[in-house]
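Let me begin by presenting the structure, written as structure tokens, before commenting on it.
Which chain is which? They are A, B, C and D, in the order written, and residues in each are numbered from 1.
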Amino acid sequence: MEGLKLKLDDLQRVAEHEVDFQRAYKYRINVCCSSGCVPFGALKVLKAFEDAVKEFGVDKECKVARTGCIGTCSVGPAVLIEPGDYLYQSVTPEKVREIVRDHIVLGLPVKDMLYKNQAYFQKQHRLVLRNAGKIDPSRIEDYISAGGYSALAKCLATMTSQGVIYEVRTSGLRGRGGAGFSTGQKWGLVARAQNFPKYIVANLDEGDPGVFANRTLAEADPHAIIEGMLIAAYAVGAQKGYIYIRSEYPLAIQTLQKAIAQAKAMSLLGDNILEMSFKFDLELRFGAGAFVAGEETAILASVEGQRAMPRPRPPYPANSGLWKKPTLIQNVETLANIPLIVQNGGLWFTKIGTSKCTGTKCFSLTGQINNPGLIEVPMGISLREVVFDIGGGVPDGRKFKAVLVGGPSGGCLPDTLLELPIDYDSLTKVGAIMGSGGIVVLDDQSCMVDTAKFFTEFCVDESCGKCTPCRAGLARIKEIFDGITQGTGKMDDIATLEKSGVFIRDASLCGLGQTAPNPVLTTLRYFKDEYLEHIVEKKCKAGKCFKNEKEA
Amino acid sequence: MTTTGKVRVATIWLSGCSGCHMSFLDQDERLIDLAQKIQLVYSPIADIKQFPENVDVTLIEGALANEEQLAMLKTARARSKILISLGDCAVTGNVTALRNAWHRSDQEVLERAYLDKSDLNPQRPDQVPKLLVKARPLHEAVKVDFFIPGCPPSADLINYVLTELLAGRTPNMEGRSKYG
Amino acid sequence: MSIGTVKLKIDGVEVTVPEGTMILKAAKDNGIIIPTLCSLEGLTAYGGCRICLVEISGSPKLFPACITSVSTGMAVTTNSEKLKEYRKMAVQMLLAERTHICSVCVADEHCELQDMANQLGVDHVMFERNWSRDEIDSTHDFLVIDRNRCILCTRCIRVCDQIEGVHTLDLKLRGKDSQVIMDLDEHWANSCSCTSCRKCAKVCPVGAIYIEGEPIGHTKRKDIAEFILTRRNRK
Amino acid sequence: MSEIDNRRLLLEKVLKEHNFQESALLEILHRAQEIYGYLDKDLLMDISGSLNIPPSHVYGVATFYSYFKLKKPGEHIVTGCLGTACYVKGVEQIMQAIEAEFDLKRGGSTPDGKLSLLVTRCIGACAMAPSIVVDDEVIGKATKGVVIAKIKSVLGGVKAET
């Protein structure tokens, strides 16, 4: 099929052909081979399945597929058997024969190996991750048969660029990279700019420690990102795009490279896409270990081959971005929503989530929690539902203490705020941020002062050094923390932390500096007693501080 | 204030060159006016052995460099209503704090000063109080109410701050201080 | 093509300036001086020091005056209590960042950071100071760099690139570890591209780059970039 | 043809692929590091000359990003993930154990050049925290014992089973 130059009507045919082809199989065994499951031996499990179906002579009715992430990363390797969506957990090559024999040959699912926590999936709403774990990301046909690229075809065949922007605006979609700017509005700005060429940059520089949603998306459904970019390009009039991806994600890079090559071969990228007069080229750009490069203006500097130092806005990238040309910068999660919005209409999208915050959001759920993994939930869901219903609460009978929302520059929220609905505005109000969707749960053995110090250290390391507050200020805050956690803290320190935190938040140049004090300010707000305990009593209940860190 | 109705003022000399005290004296004829309103109850320029109780204003020159000074500073703080850092050494550490950037132990600092760099009769000092790890500005150890920066601060600035305080006003340092 | 004008208010005073003017310049041309450190006329704006932050009514954010252009109807406040407080804070952070001891510095009394502290009434630093101890590079015949005094304003880098045109200087590393370097972080004497033009010493706001044996008041020339640009453009 | 010549030829191919464009500096540094293992000053000077970018700029970019190595790394590389999830799950203790066991500090190498210990801020394997990477192999839910045994087996040249 590769190498075929697709025309508009061909898509449908490819999809039907592929569906027929897949229907020939009675079972489909999806083995998750994403970065989360591979270290647990997923590739060996895949091989074992391929061998076992042959051994039992069921290879004609079983399709063994190498797929992306299903989301239950803590119990990998995960295997999903369709029909019926039977999810097996912690599968080992030794157990594969049993599964094939009982489930496929005898038709009796192996109950004690099934993933038990049904609530994990019940409260989720998988739009962006619609195909994750269900299609083979290395086969474009899989994506097409799942309805892929039909939204692009719809755009090219029946919609004007303004029409596309209208649907996106109607959908109320907001940027999933963290700031939550209206996507439709942004597209409108770039579309209006009369300066050519225009560019699109897809942000896959997921630098937040504790976050892996974008990586998972790229590994599981790369074409959703590409299709979203194509539609965006059509809408704003761009002909060149870059996906900026962390070099720490080798599998995602590989998957995307392959996907781009396939799309090019099928004339879904390049000149005359789908035989229409629409042209779009796509290149990957690799990050190199700089968190700040995820910032909107820093990513531009990085794509241009410079030090990733942000610059003040205005001028906004919509007017003056890459090489001073209009540039649309969008997180890949935002882009993956686009095909659905085009396909189903903007109004359909507003029915999901809340009225001000439509749609869903992916969260990486980690820390002291029973079911860590990647989830996608409708906006407006409460923190409690995420932490306890989906996440299964804190393990080992310990007590929940705090939840960190929004990555290293997010906020530490106490149990009194568990009923808070997750949306951009509610989170900002309590001092946290949506960020790129990191949720880290802390139990009663965590020290909040130590936690705030850890995040400050992260931001000190990752500050680009351009502006005074972030560079010089955060380093001072870190020193104050060193003092407090080593026993030389003073009462004045609390006021100094608060004053400089507010200053850094207000006066820093970019989002990194502006949000970096969040962990400090929120822990001061909700866990002041722990600071006092450290300063006055020189005690750390959690036993994390007052160790001689600086030996020699 | 005491029965004399005068404001009780003390001055202390820690690790500094005494230049700030010189500047204090450089207030010249204005000292006569000051003397109407203040009583000097402790100072290196007066022969008083003990730091008294109930001091209204204490001006301190010099950085905090050793344990004896730390004890002195704490006493002064406890017995004074208003504590003022006088001059850059007290405000920033200044020259005294140059050793901080050297990042060496107190013993090495002493050896460098008394043995390596000595031209005549190098000898290990045995009466120097134990040095603190770093020479520090005063406000890193105790609460300081006002700061008069400068190396040395001008007599005018010292006079301005004292006059304002005596009049019950808060001195405004904007555009007045001469840092460094 | 005619350039339009823009009417706006700065500190309550109505001013009219050409379109595209930066707030800093618009204020200066109308007698309102906004304090700055990294900005220098004749060089591109950097927006790093955050001293020139101003308020624009209707926005909760603060804007660097050096790099924010005017727009019609804008009402700018340059000197509110909050801004003064923030400027003091920025100066304190700079003073605490490396080793600044004015009394032993070549730039004493000719230092823009020191002036700024005095002007704003910074009478002490609330943070414990970080005593940096970087090697002083005095290998060059007469140019010296003491990075312990550097405030990373990048004026030297910009003048080297934009006016002298050789780009000997740049920054290495990032964040608090950032340093001004010559070529591949060579000693100055080994720099293959440096033309020894002294412009970096002339624009350095502090005592980080200076000329050995020359009184600093004689070296410093804040208008050098603009001066050269004007001369170049003279037909 | 000597090995060095080969590497230079490979680099030249990369430079040509990118048409000597200044904007491809990051890509070129990535590839150069793949080819040479690390970026020493001669190499950076070469790239600076080839792309006609000032040396200080190339050096500035190469040192800004923590992924680029300017010093020769050890034969085997262990990378500890210091991301949030791993930190919460106690990766710090494992790192300290490695430092103590093999007598090296993070960011450094053993004197014999056999082993380097690096840190990274999140490899995105948070659900199986704490994670340690030993020569490109991710060890999830790592413990002191497992990691140290793994490193020893790698150093001993024995192919370890995982």
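In this text, contacts are C-beta pairs under 8 Å (C-beta built on N, C-alpha and C of every residue); 3 or more make two chains touch, one makes a residue touch a chain.
Everything numeric here is computed off the predicted structure, so don't read it as measured data.
In terms of C-beta pairs in contact, which of A-C and C-D ranks higher?
The greater number of contacts lies at A-C.
Centroid from C-alpha atoms only, then distance chain A to chain C, rounded to Å. What do you get?
Roughly 39 Å, centre to centre.
If you average the Cα atoms of chain C and of chain D to get two centres, how far apart are those centres in Å?
Whole-Å distance between the two chain centres: 36.
Could you tell me the distance, in whole angstrom, between the mean C-alpha positions of chain B and chain C?
About 34 Å, centre to centre.
How many Å are there between the centre of chain A and the centre of chain D, using C-alpha atoms for each centre?
Each chain's C-alpha centroid was found; their separation is 25 Å.
List, in ascending order, every residue of chain A touching at least 2 other chains.
290, 307, 461-462, 464 - these are the residues of chain A that touch more than one other chain.
Please list all residues of chain D that touch 2 or more other chains.
60, 64
Hey, what residues on chain C touch two or more of the other chains?
Residues 128, 171, 173-174 of chain C touch two or more partner chains.
Of all possible chain pairs, which ones touch?
The set of touching chain pairs is A-C, A-D, B-C, C-D.
Touching residues of chain C toward chain A in the complex: what are they?
Residue list for chain C touching chain A: 46-51, 53, 61-64, 67-69, 86, 89-90, 93-94, 96-97, 126-128, 130, 151-152, 171, 173-178.
Sort out for me which residues of chain C touch chain B in the complex.
Going by the criterion above, the answer is residues 95, 99, 101-105, 108-109, 111, 114, 117-125, 128-129, 131-133, 148.
Would you pull the chain A residues touching chain D in the complex into a rising list?
So the residues of chain A touching chain D come out as 35-36, 38-41, 73-74, 76, 206-212, 215, 246-249, 285-291, 293, 302-308, 323, 364-368, 372-374, 404, 407-408, 438, 440, 442, 446, 454-455, 458, 461-462, 464.
Per the contact definition, I'd like the list of chain C residues that touch chain D in the complex.
161, 166-174, 181-185, 192-193
Report the residues of chain A in contact with chain C in the complex, numbered from low to high.
290, 292, 307, 311-312, 314, 460-469, 471-476, 479-480, 483, 496, 499-500, 503, 506-509
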